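Order of writing sets the labels: A, B, C and D. Residues in every chain begin at 1.
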Amino acid sequence: MNDFFLSAAGIILFTVAVGLVRVLSGPTNADRIMATQLLGTGGITSLLLVASATGVRGVDDVALGLALLAAFAAIAFVDNVAAPDSDTSKGDRTE
Amino acid sequence: MSILQILDIGLAGLVLAVAAWTVFARDAFAAVVGFVAYGLLLSLVWVRLFAVDVALTEAAIGSGVTGVLLIGAAGRLRKLEASGGDDELPGASLRLFAAALCIFVTLVLAGVVLSLPDPGPTLAPEAARHLAETGLGNPITAVLLSYRSFDTMLEKVVLVLAVVGVWSLAADQYWGGAAGNPRGAEPDGTRALLAQVLPPLGILIGIHMVWVGADEPGGAFQGGAILAAMWMITMMAGLTEMPSIRSRLLRLVLVAGPAVFVAVGVAGVAFASGVFAYPTGFAKPLILFIEAFMTLSIAVTLPVLVAGPPKRLRQQ
Amino acid sequence: MTAATLAGFIGSALVGLGLYGLITDPQPIRKILGFNLIGSGVFLLFGIVARKGAAAGFAADPVPQAMVITGIVVAFSASALAIALVLRLYEVAGPVSLRSEHTSNKAEK
Amino acid sequence: MNAAPIASASTAGGSLLWLAIILPVVGILASLLSGGRHAERIALLLMPTGFGIAIAIAIFLWRSGQPLVYVIGGFNPPLGIALRADGFSAVMLVTTALIVAAAGFYARAIFATPPGITEARAPLTFWILLQAIWASLNLVFLGGDLFNLYVAIELLTFAAVPLVCLDSRAETISAALRYLLFALCGSVFYLLGVALLYGAYGTLDIVLLSDRVSSEPVVWVAAGLMTAGLLAKTALFPLHLWLPPAHANAPAACSAVLSALVVKGSFFLIVRLWFGVLPNVPHEAVSFILAALGSAAILFGSVLALQQERLKLLIAYSTVAQIGYLFLMFPLVQGPNLWVAEAWSGGIMQTLSHAFAKAAMFLAAGLIAESLGHDRIRDLRGIGAVMPMTLFAFGLGGLSLMGLPPSGGFLAKWLLLKASIEAGRPIWGAVMLSGGLLAAGYLYRVLAPALSSDILHLKAPPRRSREAVALALALTAIALGFAPKAFFDFLQIGRVAVAGGSS
């Protein structure tokens, strides 16, 4: 059973890696941020699989945390790229 | 070679590849995105080292909050530097010299690390021996909040100093104002929706992490960081705003963690065997008490640090 | 090869990679990234030290793990302060003076 | 006097050690919470108390002749953390309390919250971070655990860097950024060494480690990384690039603290590392390298100081040079030789006298810059006639830097010179003498025009009380030259005998 979990984790990680190569290279930043989302979901899956195969306790919380934080990073990204006029700092450039 | 080993080697290759990407990527923003991915992968490595508490911290702070800090900075820098063209690399000879130096450092380190005794010297038995005194089940929480609580308290002071340092970079006219961008009603519904759905869930998970941290992996840092992330999401969606840096409540929350820590620590002189000692039988409740305030302080300090110095006057 | 040995290699390589970025990259934000890479490499070395110290029923020595948690928080604070400085420098001087900062960096190194 | 240090039992007066750290920490938290003018009041109120604690530590140490120890939380090292004070720690604690208080008193005129405003940026930052520098230095001097000391040097970085750019000019922000990057890089390499030492020996307690370490590759790599990291923070040549712009452009009160104390914090840790953690590891080659770098720093820093146009930059480059002297003690404090105690005392004496002299000179330079609106050296003609007290303070500080008697600087260099001759290594003595000549040269460049009879008009005369602060510091640097023998015995308390060939 463990070998099955580990193989599954390995395959997922591999697909994530292949995806990563494709998306990290762009062309746009939206592509790149998708890479981290892909990694977020893939990472969580392989994390849970590896943890249950190697008998590490308390990993469910890491998975939960990762899931939340991947969404968080995506929102932060959208916040920065999608709102180009949100920069209020220009005002104090002159002082 | 077992499947696990293949998996480990694959993971190692992936971590190094993404790390190399953050160093060599042409575009700063792309490098930052790579860094976020790198942080996620690193937490997998930590799980493989059976360090789940660290994996949680790395995911939450090392990758999550630091990633958002860097994404924000890279985004703003890109907007500010319209012209660009200033990212020319130094000369080839310097790069060659740097590369040689770095390879040398890596090889020496790897050699030394491999020569370290295995099984190595450890304080695990010592930590286990005193665990009963603390009433805790998680030895890492015991190290952080009992055996070496002095370090942890001082590290909270580092956070406070970082806030003072970041605020000190405000323009004088905005002192007393607030950081962050004022937003009206959000036209973009996705963010608002996420900001309504995620935080209740996140707050639950954050508090859960602090609570179980006494016995299972988790604790004030990890839980606090999740709470911080949730607050930042609601700010990004325009549902909440950064308070004024002169807000008494904000400052109270910022110093509450270290202040309660110091107070309980000094009270140890009167009620226990010395400073930062806990009275027999009261260790666990006192530790949870300190952790509650620490979580609160962390949940507020991290967003304050990410938000940066005040940039506008709030009520005028 | 155990996971700990492998992590030792990764950690050492990360220190080297980060140092390279820190030395050669002219952009301050990339230098901050480099610093973070070195930091996480160092933390990984703590991690393998912890793993080699597995004893008393713990899969890893808790003391170095606690130190890494402290270190991660300190590294974050450092990044926050550094980023605030970089952004402030841009606001006050614009990218022009940062470029001269680069050239002066280059001249000195 | 080479008493074996006690590993792990709190001694009488041990409680003073944690008090010396917690007191300014409470000040930091209370200052941020209450804000505005309260920050200044809290800082100034705590300073006499902190000075009293430092003196009390020195008295306890003097009475017992043994290091003071306090075990925090009752958990003995290696699991827990111990604080320890030896002779070197105690004099550094007192020096820090005095200079921080002097800088605070001097800065009241600049960093007062303006009337009509409840809180202003620069004053609040200054008063909080001044206390933070004080807290972290006390921790540096007392910490007995290498990881605890890592937290200490990080605290010191966070306290020091924002003080450089309080005036928000592009120049100072860029200097602060460079300072921060150097300092962070330094700490991370220090931490790397800490990881290796823990991996090899399972403890980070200085006394326990000193028993366990032996001369093996992991120790050399760890010590090399830690030393390199700390050297970057101490700004020893060739890692000094960040120092002149940071120290010269900061407000004078901050420059004084940064130059007099903050760079000494990491120097203190280098001494702790080699003479506290690794006394049983022979390190003659390392000592030679450190002293050679120190010599290069003396010559290079002095020559650059000679070329500066601005007074504060000149003083900053003089710091680069004076840091070099500190490292000349390393090859002389080796083995069970007779001159070791002299070299040790000389090194500490140089640390102290430079601290007082340099603080006095930066404060004096600050007054000159405020009164004239600039600090261009060639336009200082006649300043001696209009600001005699300030110039006198500057000159007395310079006297100590040159190593002329009677001054602490003279005594320091005399002791080191004597040790270098007795050790049969006059080369280090020769470097010291030429450094003294160069110092005389760059100070002459300032003093000669300053004492000319030209008429100079001040924008505003300096406040007497602030001139008095600078003068008091300069006089302390001179007074150190009259230190009695008992003082040198005190410096030896807790010094660990260093192994190694007698050569």
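Keep this in mind: a contact is a pair of C-beta atoms (placed from the backbone, for glycine too) under 8 Å apart; a residue touches a chain by one contact, two chains touch by 3 or more.
It should be emphasised that the depicted structure is a prediction, and the values quoted were computed from it without experimental measurement.
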item	value
Two chains sharing the most C-beta contacts	B-C
Furthest chain, CA centroid comparison against chain D	A
Chain B and chain C: spacing of chain centres that average the CA atoms, whole Å	13
Whole-Å gap between the CA centroids of chain C and chain D	27
Intercentroid distance (Cα basis), chain D paired with chain B, Å	31
Distance between the centres, which are taken as Cα means, of chain C and chain A, whole angstrom	20
Multi-partner residues of chain D (each touching 2 or more other chains)	79, 147, 151, 154, 158, 161-162, 165, 168, 173, 192, 196, 199, 202
Multi-partner residues of chain C (at least 2 other chains)	15, 45, 48-49, 52-53, 59, 63, 67, 70, 74, 77-78, 81, 85-88, 91-92, 94, 98
Shared-contact residues (touching 2 or more other chains) in chain A	56, 89, 92, 95
In the complex, chain D residues that touch chain B	10, 15, 18, 22, 25-26, 28-29, 32-33, 35, 70-75, 78-81, 118-122, 124-125, 128-129, 132, 135, 139, 147-148, 151-152, 154-155, 158-159, 161-162, 165-166, 168, 173, 192, 196, 199-203, 217-218, 221-222
Chain B-touching residues of chain A, taken from the complex the two chains share	3, 6-7, 9-10, 13-14, 16-17, 20, 24, 26, 29, 32-33, 35-36, 39-40, 43, 46-47, 50-51, 53-54, 56-59, 61-62, 64-66, 68-73, 75-84, 86-89, 92, 95
Complex interface listing, chain C residues touching chain D	15, 22, 28, 31, 35, 38-39, 42, 45-46, 48-49, 52-53, 63-64, 67, 70-71, 74, 77-78, 81-82, 85-86, 88-89, 92-93, 97-98, 101, 105, 108
Footprint of chain B on chain C - complex, ascending	1, 3-21, 23-27, 29-30, 32-34, 36-37, 40, 43-45, 47-63, 65-70, 72-81, 83-88, 90-91, 94-95, 98-99, 102, 106, 109
For the chain B and chain A complex, residues of the former touching the latter	3-4, 6-7, 10-11, 14, 17-18, 21, 29-30, 33-34, 36-37, 40-41, 43-44, 47-48, 50, 52, 55-56, 59-60, 63-64, 67-68, 71-72, 74-76, 79-80, 171-174, 181-183, 188, 190-191, 194-195, 198, 201-202, 205, 208-209, 212, 216-218, 222, 226, 229-230, 232-233, 236-237, 311-312
